[in-house]
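Next come two complexes, and both contain chain A; in the first it sits with chain B, in the second with chain C.
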Partner chain A sequence: MQQSIWQGIKLVFRKELVAGLRFKAAWAAMLMFALTTLACVSMAMQGGMLEPRLLAALLWIILFFASLAGADRVFADEDTVGTLLALRIYGRSQAVLMGKMLYTFFLMVVLATFITPLFVLLLDVTVTVPGLLVGVLLLGCGGIAAAGTLVAALTTGANIHSSLFSILMLPVILPVFLPAISLSAASFGGGEGAISYLAGMGLYDLILVVGASLLFDYLWYED
Partner chain B sequence: MNLKQGNVLLAAIGSLTLVLLYLVFWVVPPAQGLGNYVRIAFFHIPLAWVSVLAFFMSAGWGAGYLRRRELRFDALSAASAKLGLIFVVLATVSGAIFSKLTWGAYWNWDPRQTTIFVLLLIYGAYLTLRAAMPEPNRRARVSAVYALFSFLTVPFLVFVIPRLFFSLHPSPVINGSGSLAMEPVMFMTLMVGLLDATLVYVWLVQKRISRENREAAA
Partner chain C sequence: MVTIRFEAVTQCFHGRTIFGPLQAELASGRVVAVTGQNGSGKSTLLKLAAHLLLPTAGSVVVTADGRALKGDSLRRRMAMVTPELRFYPRLTARENMDFLLGLRGITLDEIAYRALLNRVELREQEIGTAFAGEFSTGMRQRLKLAVLLASGADIWLLDEPGANLDMAGRKLIVREARQAADEGRLVCWATNDEREEAAADAAIHLAGH
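Moving on to the complex of A and B:
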């Protein structure tokens, strides 16, 4: 049965969500990884005050590495259980990519919503511009989701899958990572955050989505 | 590459290298503010240029593979990336030495240092990805996709990073107004260096491909 691309995206997203909720270990691993890292940092600081830029860097390091524990599984799990072929036969490539990207974005937003208030609480952070922080977190999550979905597709079938994912992700995500740190520092009262950085992050997110969309077909359709 | 072509290229590289060494150590005067340290730049800039060129070529040959599905494009892309990694390491080391001599620190995350470091990470990631993929066709496909995907960082590295961080690095040779910010003799020496390094890159890519072809035929 032929379906529209939107229907396809919706179906893939729902499938990912149901599978994710059924297999709770992946969610738990990601959230616990973030919590453990944050607890380590907080315990090490013993209530000491940190500079806004250092706080921002810590927040993004936690988010980035915790995301690796969840985002790398979107294709690998299907490959392991053998459902990738069925998806290849019945799903349109772009619907699969966008559905999985949307799910990864949702995963990242849940992660950021979980860890950021705890981060603020445990490290006694004063958020002077909350709107800016929310904007940066959303755009950062968008960038990680866009790059992470394509990189996850690339690493499927590799023999060192998990470590490979982080190696491939970092250079591609740095253009999101560095402005995100600058802007988060600004939202913690560390200087002014140029709105152009925010626009730049949005633009780069868009470039990643379009780039992933153009390249995904080469991965999805075998020779 | 046949033997005659290879020898001609090698002779050209040898001659250019001798001319370059003569120009750098006997003709180029000490630069204002940099003194004799400026001589390092005539090796560092060509190394950095080839690092970027090899990245462009690797992505280009990757695109060639995706369009034509011929493994020779993948071999060229991989050869270019392997050489690119060597050149980017040499550019990073020579840049760090120059940085220590002129600014007092080997590394300070200057925008240009950040750019070259990201390039180093991309090369490393690309070659690790290849090493982790045992099946040749899948390896060629994923490597080409990654080379092109990582290419998306180029506008950021060139236009955004320099605005994000303060830089001590000298201005580009041809500045924003389009005028030449270098003495003619230095500019000529730099051009010789760039041509020499480019030819070395071409020769090494051809040599690597010839060797792989011989191994495949054996």
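Moving on to the complex of A and C:
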């Protein structure tokens, strides 16, 4: 019986969602980190105004570091509870990778949906181009999900998994991070947002997804 | 016809030779026991057969009707029962089975699910809505057997399959393995149980180093 990749992706995504909602560790870690950071920045500012570029950098720092608290768990949790072997035996590489990537993307979108309105409210940010902000957030979350899933797979089993994840994640995600800050600043009224940056982010996301897909087979199958 | 051929396979960990060079062939329709003392490499041999591990030297070639099986084409035809294999602790037995079998494109309806539970002597009222993490080790072992049976795999790699099972459970394992071999499946089990060794058609004894 041959399983279509899409059916496999749906199964992995649903399993991640059900297990994630029942355990909630990754959700709680990400949301609590983001909330704590946001609260600290908001209280420290005491109603003061920040430059759009600084605001944009703050937003992405919160999202990026919150993702570090949760995105690395997609494979590490399987390794910790010992289910990775069952997944390796029964799951096809591409279905596992894409299912987990889709779930991480979903997690990031939920996080961004929760944090961004609070950020706008608490730091009194004026969003002049909301469409651009939504587009940047989606592409940024996509980049973090693609890079995070691949790096999480690469670092699973390492003794210093979390540290290694953070170290490897930063250079991989920088080409997403920098234009995301620039475009978010533009959406907060800080200059023009070059559409080429948006296209560049989309292209880099695509490269990450294709690269992860090509590399993952070598991680999944020993032969 | 499926065969697993070990060609001059040597396995070392951290510079220590576990076994080898090993020359052996496993073929469908037979139950082969892998025996040896603790640390002699029985579980390692099964992982090598499953291509979950690369040998330090030599090669492990799996073929089906003369065609080499690798990667996904091998995994789709293989199932394992090993102490290292764990179920998702926060999913129920049914959810675990639906997920793992679903990845192979197999769906179980309610009748097939109940029949499978009966076959591995798991009572539905015991496992019901409980999470797999709450099962006893014996129940988990029976659930692993249920997934193996439902997978329809024609390569069975069993590591200490009778471990944590009562006498009825051990008889069940021997019965199912024999039936599988009679149906043309390749069955290889690592065991230290004399009854399981006696029930096999052939044995590979790992002397250890």
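One rule holds for everything that comes next: the second predicted complex is superposed on the first by the 221 of 223 C-alpha atoms of A that agree within 3 Å, B and C clash if a C-alpha of one lies under 4 Å from a C-alpha of the other, contacts with A are read in each partner's own complex, and residues count from 1 in each chain.
Criterion: contacts are C-beta pairs under 8 Å (C-beta built on N, C-alpha and C of every residue); 3 or more make two chains touch, one makes a residue touch a chain.
As the structure is a computational prediction, the values presented were derived from the model and not from experiment.
Contact with chain B, but none with chain C, is seen for A:L208 once the two complexes are overlaid on the shared chain.
Shared-chain residue A:Y90: touches chain C; no touch with chain B. With both structures placed on the common chain, the touch criterion links A:G200 to chain B but leaves chain C unconnected. When the two structures are aligned on the shared chain, A:M32 is found in touch with neither chain B nor chain C.
In the superposed model, A:M43 lies in contact with neither chain B nor chain C. Of the two partner chains, chain C is the only one touched by A:G8; chain B is not.
Overlap of the chain B and chain C contact sets on chain A: residues 223. Put simply, chain C touches chain A in their complex at residues 50-54, 70-72, 74-76, 78-80, 82, 84-91, 95, 99-106, 151-152.
Contact residues of chain A toward chain C in the complex are 1-4, 7-8, 11-12, 15, 18-19, 22-23, 81-83, 85-86, 88-93, 95, 217, 221-223. The residues of chain B lying in touch with chain A in their complex are 66, 69, 118, 121-122, 124-125, 128-129, 132-134, 137-138, 141-142, 144-146, 148-150, 152-153, 155-157, 160-161, 164. Taken in their complex, chain A has these residues touching chain B: 147, 150-151, 154-155, 157-160, 164, 167-168, 170-172, 174-175, 178-179, 182, 197, 200, 204, 207-208, 211-212, 215, 218-219, 223.
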